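Listed after this line are the structures, all set down as structure tokens.
Shared chain: subunit A. Partners: subunit B in the first complex, subunit C in the second.
What follows is the complex of A and B.
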């Protein structure tokens, strides 16, 4: 084959262009983060900015206990450098399967690429002895830890450290982002605490034990849950008991997560006259919401109806 | 869903191939069995058998057995066989009310599980694991196990169909449903059983089996691609693609056939 000089020049140009592109790609190589829940996706994004590519396996309108297998999910898990999940068995129904299927050794439990947020906070509801009859109790305690702003702060510190370990080249960048986040979050917490002052001691009923950490943080008094044991739909005898138990009480509100049906809550509202409040379960990460915007929303809904 | 990355992420042969293989394995038994089910008019028998298999596992669980591993499989297959025996008895006696009685067995088995598991969400999760396999989660050991069972069922069916009698059909059916439901879930099992067989029901044995198999493979492969492309749950998408290919494939094939006949 005859190659004229023009062709050769073109070829060389193409090769060098490709090399340039490859180089710039590798210079901007980002850490792939696979978050099980949107709150951790949002937190990782806040700390990691454009140095992280963040994917959230679930949305705020999904129950993270159960998800359906999608091909993209496995592909994302396979490519992940860091897995950020709640842990405490919240994802026990699907994450072990997904990890086995993805074959990604870097993000297996115990590896630096596996970050379980619940490991970094004090957990409530750790059963003294495990009895399956007590329902959907997690042996490691209540996994919905993101509902307390103090927990977010503790997890943020640990996550910042973990991201830095995995990508030490960008240490300064991560530190700066983290410092900004921490400062802003502490400021917001003061405001939320002021709002929460009016909630202190308020009697409430919740659907599931989803808001345990928020309730503890705000000092609210949970009289009962609509589920007889976590994860089990209310039975008629349980509802009858509730009605009797609560008839003498002054209930400020009935809280449920936006992704569950509000019918049990509405039923109790009719019996007791207390208002029903649907709280967004977590950040709308896919919609571009930040953690503090979400928590602002939660507090406004709680305070607005008191 | 994400920043960065592309929508083609899921379009990865190493993710989709095991799922497609699982589908093909299920089709090899479910197409011939599905034709028989259509012939006998016992459409919902697979749902009933799957539910009875699940009930057996829950009963075993109540007796304190571990729900995983060999014990659960033994409990599932045993109760599926008992269910098959029961339904076989019903078929002989029921006459025109056969389908109604199958439906009733399904509902009774399903609600018996609910009652046994009242107040036990962990048990519920296990039941779900057993009843609703998810096709993307399959691993090679499951595929191997299912392939062996499929092979035995297919050979027995095609070689000894006339000798094993009525009860033989029920036994084969119970065994293959119990295995396939754990692999790909109830919705896909029902669809794989009924839809391809129905699409080819007008034809005689051999062309019908061929056509049904083409419909099935088209449905599974297009379903997996669509679910990868749009990041949707694979099982549900495949069900729809199987239905669509049952409508399209026979038409396309007959057009192709007519065209090539004209050319000759």
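What follows is the complex of A and C.
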């Protein structure tokens, strides 16, 4: 069969043009990211830029333990290509149910579309034994891993890999964004480390075991928590005991996250004279804040009052 | 031939240009800087690998106690045991309880006077493998001095169909109502709404299949259907195929960060059923009303929740409303009556409840509820209908309830509830003190 060279030329041109169109369509289609917490939404947005559509299931003013599998969240999880959560059982009360209800098989645990940040860092507070008397204990350890800048770096590297794996077409784009983030974060960390030097060895009291990773990173010494056990409200008898226990100690500050009541902290402040510092629990992603802006804020609040 | 090469080269270059140009422009202009970044990325990737190695080392050296258990028990299902009990006080005799216009069946009866065990149950659930999830619930209750074990749920559910599809099979609570899908210990009141008591005998479950589909839309939209054996109240009798079926649509979403809602409609139908109501004593012989015919139910519900900043922990408000209407058409017989009493039956029963729960402190909540039922029943022999309890005689059953509860943790709850109950002509004052404890696995925070 004879094929006219002109026909062949035209055919090839058409095929390559078609492929080209298809390619540009797929390059523009964005991945849907469902982040359980705002810190991971902010991180995904930093790495993914406009190639990712990022939704955060919670805000900085919500306790991520106590979320319900709302219809609005099910709808978002249904369309997600990638789920980015803390893991370590932080979302145990709602995420498994949410995933089952969404009918989205791509983001089930074990799939590439399911990313748990806590898998990539060393965890503190792994309980010696599991007993509900000990409160809100997590078998895998303390899940509030984003409060250490070292951890953010580890998670960012792993998340960058995962996003690239899911969307290899944009590898160069993600790599460039990630490299910029990594460089800037390291620079910021030097500055935070300098700020944290004045915090080293400081005695503090915290409301919940929320800042464990920050405390370890900054070398602060946690004397006690206002909650008798994690997740259980401070009782008057526990507070009275604390007052007695702490009467001989020099307390630099009392820390709580912005979404809990400050009354127990204020009470102890009156008894001990230590200042109360409310820290934003995480990034105000919905308000356009970035991870480093949030951590700048945290450090400023911590050192400003010392 | 040369032309061909040129043409292809041009088109390939064109293609490469358009697709890469977007990425290129976003890259930093400085080439040296880029190389520097590449090196940093490689260094970090290596650190991740080291970290992974560290972690596996940790696990094998046993530094992390939670992962130390390596035995078959590690694969045990999540087990949770509900311990539930109640102290009940009534002005009227709870044995006399009835709802005029509604013949009662199923588990539609009041808790006995004084102390009694409520609805204690054991639930086991886990992923079966990467494709299925399974759940098994047995309820253990004492009824007239005998301990009864009831298999409430034993179902599997698909995990891997994807695209929004889920199939559930086995025994499970039907999705035809909002409250119907919750276990009684998750309810905001000790007792079921009157409409649930009146037409479902408290709650409806059966053996069958459910298929549901969640659409890929911003607003939550779920479409589903169920087929059941049709053996369970308010259906009944033996059926060769599907004895009853349902269809349901649920929708919902968020309004800002503080508000959320869900609304649903449902339909249930069962043809050629034999529904046996609970019997009543009549001069020493139990006459059990039996309905034979076709039945269908239409339901609608609306849920609205509010929490400051969407943070449910310390404060939240929940409004819940459900409406059901049931149409029965067929034959009513009083079994064991002598001579046998029969009538045709054309019955329309409907009702609603509305409740508002306010969690005003982390450990305290209160709620109010209002119930109302209506009925319009007709038949060839009204005496037979009257015997069965299907004549309302102008009475409209209503009930008002108020409840307060202390919730020290997610695993314990102590509740006090008062009902002004006008289900039948004699108004009753009912007081319940209920405790509900959960041991074991963490329950799910369903909406």
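FYI, the second predicted complex is superposed on the first by the 276 of 306 C-alpha atoms of A that agree within 3 Å, B and C clash if a C-alpha of one lies under 4 Å from a C-alpha of the other, contacts with A are read in each partner's own complex, and residues count from 1 in each chain.
Criterion: contacts are C-beta pairs under 8 Å (C-beta built on N, C-alpha and C of every residue); 3 or more make two chains touch, one makes a residue touch a chain.
Bear in mind that the values here come from a model prediction, so they are computed numbers and not experimental data.
Participant: For the overlay on subunit A, clash or fit between subunit B and subunit C?
Facilitator: clash
Participant: Would you sort A:230 into first (subunit B), second (subunit C), both or neither based on which partner it touches?
Facilitator: In the superposition, A:230 touches subunit B alone.
Participant: Is A:101 touching anything from subunit B or subunit C once the two structures are fitted on A? First, second, both or neither.
Facilitator: Both partners.
Participant: First (subunit B), second (subunit C), both or neither: which does A:68 touch?
Facilitator: After superposing on A, A:68 lies in contact with both subunit B and subunit C.
Participant: Where does A:170 make contact in the superposed view: on subunit B (first), on subunit C (second), on both, or on neither?
Facilitator: The second partner, subunit C, only.
Participant: Kindly classify A:161 by the partners it touches after superposition: subunit B alone (first), subunit C alone (second), both, or neither?
Facilitator: Second partner only, subunit C.
Participant: Give the label of whichever partner, subunit B or subunit C, reaches more residues of subunit A.
Facilitator: C
Participant: Output check: A:93 vs subunit B and subunit C. Expected answer is one of first, second, both, neither. What do you get?
Facilitator: A:93 contacts both subunit B and subunit C.
Participant: Examine A:239 and indicate which partner it touches, taking first as subunit B and second as subunit C; both and neither are also allowed.
Facilitator: Once the two structures are laid over each other on A, A:239 reaches no partner at all.
Participant: Touching A:53 in the superposition: subunit B (first), subunit C (second), both, neither?
Facilitator: First partner only.
Participant: Using the superposition on chain A as set up above, list the residues of subunit A that contact both subunit B and subunit C.
Facilitator: Correct list for subunit A: 68-72, 74-76, 78-79, 93, 97, 100-101, 132, 135, 231-232, 286.
Participant: Applying the document's contact rule, which stretches of subunit A touch subunit C when the two form their complex?
Facilitator: Those in contact with subunit C are residues 5, 8-9, 12-13, 16-17, 19-20, 23-24, 27, 49, 58-59, 61-63, 65-72, 74-76, 78-79, 92-94, 96-97, 100-106, 108, 110, 120-123, 126-128, 130, 132, 135, 139-141, 153-154, 157-158, 160-161, 170, 172-173, 175-180, 182-183, 231-233, 259-261, 286.
Participant: Can you tell me which positions in subunit A touch subunit B when the two form their complex?
Facilitator: 30, 32, 45, 53-56, 68-76, 78-79, 93, 97-98, 100-101, 132-133, 135-136, 228-232, 235, 286
Participant: For the complex, which residues does subunit B have touching subunit A?
Facilitator: On the subunit B side, the touching residues are 1-5, 7, 9-12, 15-16, 118-125, 134-137, 139, 224, 227-228, 231-236.
Participant: Hey, which residues of subunit C end up touching subunit A in the complex?
Facilitator: The contact residues of subunit C facing subunit A are 1, 3-4, 7-8, 11-12, 14-15, 18-19, 22-23, 26-28, 34, 37-38, 40-41, 44-45, 47-48, 51, 54-55, 58, 64-66, 130, 133, 157, 159-166, 212-222, 250-254, 257, 260-262, 305, 309-314, 362-363, 408-411, 439, 442-447.
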